[in-house]
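When the chains are written out, they are named A, B, C, D and E in that same order, and each has its own residue count from 1.
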Amino acid sequence: MAHVELNDLVKEFDDVTAVDGVSLDIPDESFTVLVGPSGCGKTTTLRLIAGLERATDGEIRIGDEVVNDQRAYERDIAMVFQNYALYPHKTVRENMRFGLEQHDTPEDTITQRVTEAAELLQINDLLDRRPSELSGGQQQRVALGRAIVRDPAVFLMDEPLSNLDAKLRVQMRAELNKLHEELSTTTVYVTHDQVEAMTLADQIAVMDDGQIQQVGAPTHVYTNPRNMFVAGFLGSPSMNFIEGTLEESGGKFELDLGSDTHDVPDEFVDQLEGYLGERVVLGIRPENIALNQDGVPSNVHPATVQVVEPQGEKTVLELDLDTGETIKAAVDPDTTVEMGDSVNLRFDRDSLQYFDPKTGRSLTHESKPERKAAA
Amino acid sequence: MAHVELNDLVKEFDDVTAVDGVSLDIPDESFTVLVGPSGCGKTTTLRLIAGLERATDGEIRIGDEVVNDQRAYERDIAMVFQNYALYPHKTVRENMRFGLEQHDTPEDTITQRVTEAAELLQINDLLDRRPSELSGGQQQRVALGRAIVRDPAVFLMDEPLSNLDAKLRVQMRAELNKLHEELSTTTVYVTHDQVEAMTLADQIAVMDDGQIQQVGAPTHVYTNPRNMFVAGFLGSPSMNFIEGTLEESGGKFELDLGSDTHDVPDEFVDQLEGYLGERVVLGIRPENIALNQDGVPSNVHPATVQVVEPQGEKTVLELDLDTGETIKAAVDPDTTVEMGDSVNLRFDRDSLQYFDPKTGRSLTHESKPERKAAA
Amino acid sequence: MSTQKQSLRRILDRLFVPLTVGPTMLWIAAIIVYPTLKLFWSSFFWTNPINSEREFVGLRNFKRLIFADGGSGTVFGLAPDFVSITWHTFVYVGLSVSISFVLGLGIALLLDKDLKGRGWFRTAVIVPWILPYVMSGLMWRWMFQSEYGAINGLLTQSGLLSSKIAFFSDGTLSMMALIIADIWVFTPFIIIILLAGLQNVPEQLYDAAEVDGAGKVSRFVNVTYPFLKPSILVALTIRIIFDIRALDLVWVMTQGGPGKSTEVWASWLYRTAQVFNRPGEGAALGVVLLAVTFVIVAVLYRVFGESPY
Amino acid sequence: SGGDGGDGGDGSGNGSDGSGTSTGTGSESVAEKLVFYNAGSLKYDPGTEKNIERFEEETGITVEVNEVPWNNLKTSLTTIWKNESAKVDAFNGPTWWLADFVASDWIEPLGLGDSHMSNYPKNLQNLVTLDGKTYMAPEFGKWGTYLYDQQHFEKQGVSEPPSTWDEVVSTGQQLKTGDTSPFAFTWANKDVFTFKQFLYQAGGQLFNDSNEPVFVEGGTKVMDFFTRLRENDLIPDGISSMGEGGAGDTFIAGQLASVESWTPLAARAFEADGWSKERVGSAKPPKGPESRATFQDTNGISVSAFSERKGAAKKFAKFMTTTESSKTNMKVEGNPAVIPAVYDEPEIKEQYPSWLLEDMKFNLKHAKSETYLAQPQVDDYLSEQITPALLGDKDPQKALETAQSNIKRLYQDIGLL
Amino acid sequence: MSTKQSPLDQLVASLGLDTEDEWSHIVRERLVAYGLLGLYVVIIWFPIYFIFITSIKPAGAVLNVPISFFPSEPTVSNYVEIFQNRPFELYTLNSIIVASTTTLICVTLGTVTGYSFSRYDFIGNKALLLSIVGARMIPPIALIVPFFSIMSAPPLIGGITGSLYDTRIALILTYTFFNLPFAVWIMKNYFDGVPESLDEQARIDGCSRWEGFFKIILPMAKPGIAATAILAFIFSWNEFVFALVLTSSEQAQTLPIAVSLFVADDFVDWAHLAAGGMIAALPGILFGLFFQQYIVSGLTQGAVKE
């Protein structure tokens, strides 16, 4: 059990700066999820924490120790590699046992933990196979199993569920959650799956281009992104951005979108005051757009349905606003609209975000992060 | 361009039957998505089509030819491997060029296609790097690029987007869609991402345990699963199953759930008639459950909220029915419920499914598959 | 784990490189430094073979061996012996290494296949290498012997040949016999090294290449070869190093004859240093040989030195 | 320096061993053991083995025999001596190593005394004596000999072996059959020896008394003879690869009617499949323009200058070469004795046919040799020329002249000329 | 797939191959492979066969012409004689001890050193590797005299009597010197082909460099180790010149020396030489067969193969 602290961490490869001044506090017993676009430096950050890469600059602390100079094996971490890195010459069982044997775990504890983990991961039938005889998802589960049998100070997991089917992934996610509740081992977790990020994380750190963009409780970050990058990155389909000029009209603020106008709710007046007359970006998530074909008095934006994309549990619409901008809306699967339909959109006023288009900074961001309540 | 036909395909590895009598018709120009739990034989099926494994039994046709005895390189296919299988000694550019060179593509076509694909995949900055200098997602994109530059008879793609972040994945999905519209190359695509499956597929094939469970248009399969496996596999969180005894009461059918009763809508009476007095499973998807705290007359099931799991665009609730069963519901993120709240659930009557608990067979399945309308 | 044990482990870990590289370096250094210095040092001296009087002559030994020493005619300013022996060496090493390489590669590729009984084949192909070289040399001398040798016997007794061939009376045929013997003896070495190297080729890349439309040849070039490169480097380098100085076969089979038509650097060096008792010139030849070997290895490194990852 | 070079047979002066004083014997208490380097396996030298047993019995000194492959004995010895190591006390080797060994101070004068030395023929005494000191005790003789296949001769109707070079050519025509060549001689590895043998027969020699190479004239005669043989197809194609083994093997294989080779071949032929004492014919070598001389390749025992047991070693050298030992050696192994008196011993007469003994005695008396410095390199200069000449790839005269000028230059280089 | 058997399929079946389980073209390829391998083995074994039949011919009949390739009256007398006459068992023992000890040292040091060279970018890595391999480029002939003087020098350490001359240790030291550079180099190149991600996983599993190396990487380097071992073994098994110079009696002389003792001054005792040669080769062949499993599995268990 240990808290992990990264201070101004930098990692350069030849001409690429993979990690560019990352400072991150990972509290003891926390479950921190690292998200960010492909190539933003997540894996590199994990490898730095693990001690597999040497930091070009900055400091890594585990517990209260600066571990920059410690070798991976001295750091007492368990890691799930993005590419599994299973020992090809060992069976699944041996792969899973190995880390425990290294830590002088008594034989019966080893057997027990391996059996338990294998059951949990539904790979108990595969224990005597070699990795080359496993499917992709099975290999990934072995890689995960190899980590979770351990009892390390820190878990590092690099997209450990990416190759599992949705159902299994939900199960595994639940198991990981349970495991974390039981063991409370500090965990750093990389995922591209938003649901995973949202449901597992105590805190979520959004990275881009080697830098941390925002850290906080998942719902907080989701609902209070600090900048357009974070806002756009989280959520799928991603947040719609509509740019307009902020104007005052009758004590109320409104965004001139060209051939349409958006009324800014009163509670934002304070924060937006300084931007009067300037360009401001309105952000609204697809799921916060309602089709209100029957007409609702205020803040209604007419639009035309361009694409209807049923996705099972929801249907995503691509809509052209009158201003010519295209936005997406996620609606109930049984909504009956068709291509070419004209609809009225209502943006949920509680979910509106405003950004400075030049800096990308959110104008409505609340700075206090919230911790996720114990799940 | 070619249609692919699998007839009673079997592949055994030593003691494992990875593919167990798969018959599947993949029409020319179709985009067929293969889904199924981890280890069900998807990769093996692709490898059989590719000619990388030898079928133990059965027949594979590409175009009108039986290709069982053809080598992979004779089959004119392009494949994205689940584990990428990039050539470590070649640069990204060389990796992508290689397949084209093998097919005697003129130099300028090669250059052009590689440049285009690289741009599309956002890896144009990485063209001169080696795979070992790339992040996981970047490697995956290269693997994808290596396939899409080609102009083969069949594309085989094994989870080509699994390591990409949501945003990029949406983009890539769109690009793949566009590509398929342009080239109309027969494509077989494995994914664990339901959204991907739903949005990309002309037809979706659900596999389990080496066998095809159902084939059809994605929305059709989603809404009309042939059996409990398919019903439970598609959708996340997955469909809730509630078992009860079918009874008749006043000309209407109802399901006795113990301490609660479910009214069977009249349109199902015909299909369920034969099951009167027997056990029947009711299936309802989480997103088709509405919280109706204000009371609605019929078919209301009281429940207690156990877990509230905000997932960004939706919130998943875990609820205990009065019968003791636990079910999940996906509700709007701004629904304000808390753990311990008592709620009334309303199951959307249009979305109900009924299954035979012994065989798993759907009792309400419409057999006619629907083709997805051109996207 | 006790802290003491842990810190020991830590110290040992830090010392990994010194501890793993050190003993080898020491071993080699301890044995090599003195002989090497002696080799270079001796090359500057001339020793009178009849009374062992030593005289410092600077680079004269090199000049005499490589460039004309004023005696008979020169070839482009080089000593005729040097030119002809270099040519023999080039032919001998070049042909036997390249032929045995191609052969060895072919056999290694065959043996890499998942064949039943390949274990027996693997053992069977190694055997020529196990026989003592002296034995092999004698055996081949006997095989090629003109009057009662097995090859002539086989050819004449089967009626393929009407009169026997005097292999060792002809420079070219002698060279051919040497090369055949050399190939026979050393091909197993190539096979073994390449066979080991073939295990390093990730199987999945063959799949990828097949899907990319690569036929057999292309798969070899694009997948096998890059991974085999380090092994090829090892195989060729060691093979060439061995062959440039291979003495046993030449000495046993032809002693450089007939005349000097199969004299190679190794036998020249041996003759000069050991037989003629002219250590200075022998050392000078040794230095030249060392330099040439270095150059060849450097070139090989250039060509094959790249690792696949 | 030690300008000793040419000691061309009969002529040279120092008749008997003058150096009666042996170095180092005085103070040394005779060792209990000595190390003897034997060329090849002792198994092939049962005579030597027997004599060693006798020596050990009589003196109580243990002889540790180190067997070194024949081809490598010289390398082993020089390596040891270059390190001034006392690893070896005594060894046996050929006389033609002596000049170089003595010049390098690697071997020790033996001080065998006149009574011992006078057992040997004059020419042999001269051969092992340099600067008036004896450096080798001759152990057994080896020289060229002429053997023929009586069976083949009879079949082809040749009753007498040829007695001159011309007859070799003329009877050769008669002896030639499909698989059988009329004549052959040892060449590979021993080309210079064979050449010398013919050279002596032709009346030539390698060096004159002042170390100048002078073999072109005699050598040309030899080469003429070879050319006649070759052009008349009287020698096998593979002649240049015929070492002692090769020539002997081919002879035993029945592919040669006659052969001029080294002595022990006769003994080998006796034992071979399909051969008998009757089938092996022996004769004096055919006479060249000058004589029926042969090349003297006697083996003897010498003592290392670095030995720490010189006393015992010298005792050993002497013991191994007494008349008694010589006789034993001949009796047990068939090695021709180098002491003429041995041939008159009854046991020997009993064991060997008289004609063979006759020829041996003749050869012993007429065998010739020269000891010269830088022997290996001189031989190499010769060898690289005479082989192509033999094969007709080079003009003989030119080849010999080249060899001669190379050797001359070598001798100038090392200060002999 | 058709079920009727073509003649080729029948042939394939009769070879013990499963026609059903294999790609027919692979089966065909295999037949070609068997054919080529068979041909190769027959050709390279012909001389060995010839030596063998020579060794069982009566000594006197060895040189008979025409040559009999199928001896009518085989005999073991040559073998009996060489064992009677010579301590062949000692030579064999020496060879085995020298070759296997050398192999052991070379493989041990070569593997660890090669691994370090492959994985760690320590200062002078390249230069050291070059000097190691370079050390081996010096013509051995040039080293004979210095080696002799090293080995026959009085011992540096007290308590040991006598020099190393004529001991197996001298040979082991020498051969190790000759083989170690190659062992290092082969292994370095081999490890270059083993993905580093496995080292990393080992470290995550709590392995120090030593543990990771021995427990994870080493088992995967079997093919390289097998190749190195074979190389070192055979080199030591065959080495002649240094054995000649550094030993003088059967307490240390090895088989090549023993074999060459059959080559007398004036002739070659073919029959016994052939028998001796077979015996010299036999332990090697037996060694090969005995370790066949290991060699084959070593040469096959490419860990990297996935």
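The rule is simple: a contact is a pair of C-beta atoms (placed from the backbone, for glycine too) under 8 Å apart; a residue touches a chain by one contact, two chains touch by 3 or more.
Just so we're clear, the structure is a prediction, and the values are computed from it rather than from any experiment.
A.B. asks: Hey, what chains does chain A share as contacts with chain C?
C.D. replies: B, E
A.B. asks: Going by the touch criterion at the top, tell me which pair is linked by more C-beta contacts: B-C or C-D.
C.D. replies: C-D
A.B. asks: Farthest from chain B in C-alpha centre terms, which chain would that be?
C.D. replies: D
A.B. asks: Can you compute the centre-to-centre distance for chain B and chain D, using the mean CA position of each chain? Integer Å is fine.
C.D. replies: 95
A.B. asks: What whole-Å value do you get for the distance between chain B and chain E if each is reduced to the mean of its CA atoms?
C.D. replies: Using C-alpha averages as centres, the distance is 56 Å.
A.B. asks: Cα centroid separation between chain D and chain E, in whole Å?
C.D. replies: Between these chains, centre-to-centre, one finds 40 Å.
A.B. asks: Residues touching two or more other chains, restricted to chain C: which are they?
C.D. replies: Those would be 10, 13, 147-148, 202, 204, 227, 274, 308-309.
A.B. asks: Mark out which residues of chain B touch at least two other chains, giving numbers and ranges.
C.D. replies: 71, 83
A.B. asks: Where does chain E touch two or more other chains at once, residue-wise?
C.D. replies: 63, 65, 144-145, 195, 208-209, 260, 263, 268, 270, 301, 303-306
A.B. asks: Could you list, by residue number, the parts of chain E that touch chain D in their complex?
C.D. replies: Residues of chain E touching chain D: 58-61, 63-65, 85-86, 144-145, 148-149, 152, 165, 244-245, 248-249, 257, 260-270.
A.B. asks: Can you tell me which positions in chain A touch chain E when the two form their complex?
C.D. replies: Listed in rising order, the residues of chain A that touch chain E are 50-52, 71-73, 76-79, 81, 83, 85-89, 98-99, 102-103, 131-132, 146.
A.B. asks: Would you mind writing out the residues of chain D in touch with chain E in their complex?
C.D. replies: Against chain E, chain D makes touches at 35, 37, 39-41, 43-44, 64, 66-72, 75-76, 79-80, 82-83, 85, 87, 142, 179, 244-245, 248-249, 252-255, 262, 264-265, 268, 271-275.
A.B. asks: Where on chain A is chain B touching in the complex?
C.D. replies: Per the touch definition, chain A meets chain B at residues 13, 16, 35-39, 42-44, 82-83, 133-138, 140-141, 158-159, 162-170, 192-195, 198-199, 218-219, 222, 232-238, 285-287, 307, 309-314, 330, 332-334, 348, 350-351, 375.
A.B. asks: Please name which positions on chain E make contact with chain A in the complex.
C.D. replies: Per the stated touch rule, the residues are 195, 197-198, 200-201, 203-209, 211-212, 215-216, 219-220, 301, 303-306.
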